[in-house]
Amino acid sequence: MLRVENIQKHFISHVLNGKEVVGFRSVSFKVLPGMALGLSGPSGCGKSSILKCIYRTYLTGMGKIIYNSQTFGTVDLAVLPENEILALRRKEIGYVSQFLSVVPRQPAAEVVAAPLVEEGVSRAVALQRARGLLDRLNIGARLHAAYPATFSGGEKQRVNLSRAIIRPPRLLLLDEPTASLDAASMQVVLDLLLEIKARGTTIIAIFHDQAIMDRLMDDIYTMPVKES
Amino acid sequence: MPLTTAMPTQPNLPSTHWRAGMPSARKRYSYAFLDEGAKREIRRKLLKAVAIPGCQVSFGSREMPIARGWGTGGLQLTLSLIGPDDVLKVIDQGSDDSVNAVNIKKFVRNVTGVPLTTDTRVATLIQTRHRIPEEPLHANQLLVFQVPIPEPLRLVEPSERKTRRMHAEADYSRMWLYLYEDIVRFNEITVGARYPVMVNGRHLMDPSPIPRWDVARLNQSEALLLFCAGREKRIYAIPAHTDVEPLSFEDFAFRVENFHGHCCSRCGCAGSFLDEVIVDESGRRTFICSDTAYCEKMRRRGAAADAAQEENR
Amino acid sequence: MKPILQVSGLTKRYGPGCPECLRRTGALHETNQCPHCRSIIACREITFDLFPGEVLGIVGESGSGKSTVVRLLHFDDEPTQGEFRIKLNGSAGAACNPDPGRNLFALGAFERRQIRNAHMGIVYQNARMGLRLKVSAGGNIAERLLMAGWRHVGQMRQRAAELLIATEVPVLRIDEPPQHFSGGMQQRVQIAKALSTRPAVLLLDEVTTGLDVSVQARVLDLIRSLQQETGVATIVVSHDLGVIRLLTSRTIVMRHGCIVEQGLSDQILEDPQHPYTQLLVNSML
């Protein structure tokens, strides 16, 4: 499904007179279709950067990210044209971070329903399914019409997740999406993730919670130590 | 009464008159007053104007012995076109006898010697201010309009440079917008005279301040229609059998003046363009034909019919 | 996916020009004014594609040439050099459907205006440029419809009312001139006008600059939702990275008339490569 070959990431900060910061060095791994891969390693070792490189939020300095896409066949995400990356983001690859990054001033239910509407589902049906999903994640009806920007950290994360999984992507990238959740919510999230995984979604994820890692992941990739 | 007046003989002036002993106007000036160069230029510009229906062609407007704004444009066209075989009619808002029409008529006669007429059917060249004669024109006639403002877009765009560009690109949306706004404000198009028309589907044209009644009659005219603005130095034309379409919307059709069933109080005619006049101090109003020659003709025809009826009885 | 709009080698020079102009200006030389002949190279060799349904951002400081690019595309000004092609899916009105192979800059003024009327909408920073402030709001929208050949007052008013509702302008004010409107409302009338003929390409030139923050937010939300509804391919010019983040999926960064960086908007914001882009991102509030 996805094969990462010897990628590395450097940041050059021109604002700091060309200071070079190493994101990560020579990372290689692969994920088979329908599998879940966990990334582990101490903080600052570049786990999130890898996900961002796959999603193209970061440009990859060297190496290849070979993805077996449904739309375009086998492609290298590191150098794929931008419009094709955008098409993959719309159709195949989902990304959830620990921070909510949605359009402001839009009610939670609308935010969650948006991917379905974009796919052509009628607004009423999409909203109904969005509400159902939010309910399952213990976000009460009271909050459905509120703006997610006003939510608590945990609520925001749940909205974020709902939006990513309401229409399960082929490849889902998760960057600590449960960092501020309580145990009960965590359990619901885990169930949902297992459900979409059973329906065929491939997952690459970073979780600090060992229990989730154990129960969800088929494989763990441990980050190489950065020599500095 | 003869309808055409013959060229007067050399006037018999008293010996104290300043013109005594001088040759007649006819002899003192070249034929038809304008020098041959001026006439040639105007004729050339006319050819261009006829070739591009509705397109304004600039020309070197000459000084005339009447003030600008009093028909110098029409007069220059008349003088450039007239020949010894022509019969001239001049009207001012339908009237053959207004001061302006009479003076122009006399001037042209003095410098050319052509016969004058008031009968639309007899005239070969008609110069007009703000009307088209009621009687239908035929193919051997020329109708010359006096035009105060030749640019229909001047209403919406003060810059000549821009209006020329708009004509070049057939960009008339500003004029349409003006009419739209008129409808929004008054629920009808309030443009009375100078109603903008599309000529040959290409050029927007100012038909001179004729009433809407006459605007409708520009379409597919039998006669060649010529327009000239002396002050603004522009000539344009509508060749015979050309489509002339007043701007109108699908749901706000172009309408001509409605006289609500009134008819002329002199000739009794109902199918002509009527002037509303106040007849006495009490403010009583009545309607009479705007075209005086037509009115007179109808009146005489009516009187003859009456007489015939009388005789039959 | 094929681009709907292709721009290549777009250059605009103000001034006499000399052989030195292009060599001695641009991002490397930190100026857009030729030191030899004093000409301004407002933009140079701009090349990009716009895809159907996409929102492309052009960001840069004042004087970077971003507005020049948009105005050249709207035929408001003549380019010094460059090519511009529009490729539509054949469906739009055949008469003014441009030949996809033709460089639109090479067309005559009449044809360019036809293409602009049929396929492009623009919203300017200053409502004065996009609207006739003394003509009613409905009339402003009708003007575009009239250009596109509409000749039915009732239908035009109907369409204008629909658009005013969509852009959240009170329909009761359809016959009022926009000079009586607030800045935000004027922008919304401009948007209604730009979208009235369902264009294939929408150009937004600093549309929220100079508005209050709350008004800005409403106008941006409106643009975003209308863009999603209509799927119109859009170019957003702004110096505000917030606007870029909210509206666009791809971004071009311009400086001294040159493109210094282009990429996905989130990549530009999170992993900027060019020193100027980094400065810009770091200067964000």
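The letters A, B and C name the chains in turn, as written, and every chain counts its residues from 1.
Criterion: a residue touches a chain if its C-beta (ideal position, glycine included) is under 8 Å from a C-beta of that chain, and two chains touch if they have at least 3 such contacts.
This is a predicted model, so every value here is computed, not measured.
Between the contact lists of chain A and chain C, the overlap is empty. Taking the mean of C-alpha positions as each chain's centre, the chain lying farthest from the centre of chain C is B. Of all chains shown, C has the CA centroid lying nearest to the centroid of every protein CA atom. Rounded to a whole number, the gap between the C-alpha centres of chain A and chain C is 33 angstrom. Centroids built from CA atoms put chain B at 80 Å from chain A. Distance between chain centres (mean CA atoms), chain B to chain C: 50 Å. Residues 1, 49, 51, 54, 217, 221, 224, 228, 246, 249-250, 262-264, 266-267, 270-271, 273-275, 278-279, 282 of chain C touch chain A in their complex. Residues of chain C touching chain B in their complex: 109-110, 113, 132, 135-136, 138-139, 142-143, 146-147, 151-157, 175.
The residues of chain A lying in touch with chain C in their complex are 11-15, 52, 56-59, 82-87, 103-106, 118. Residues of chain B touching chain C in their complex: 165, 168-171, 173-174, 176-177, 180-181, 183-185, 249-252.
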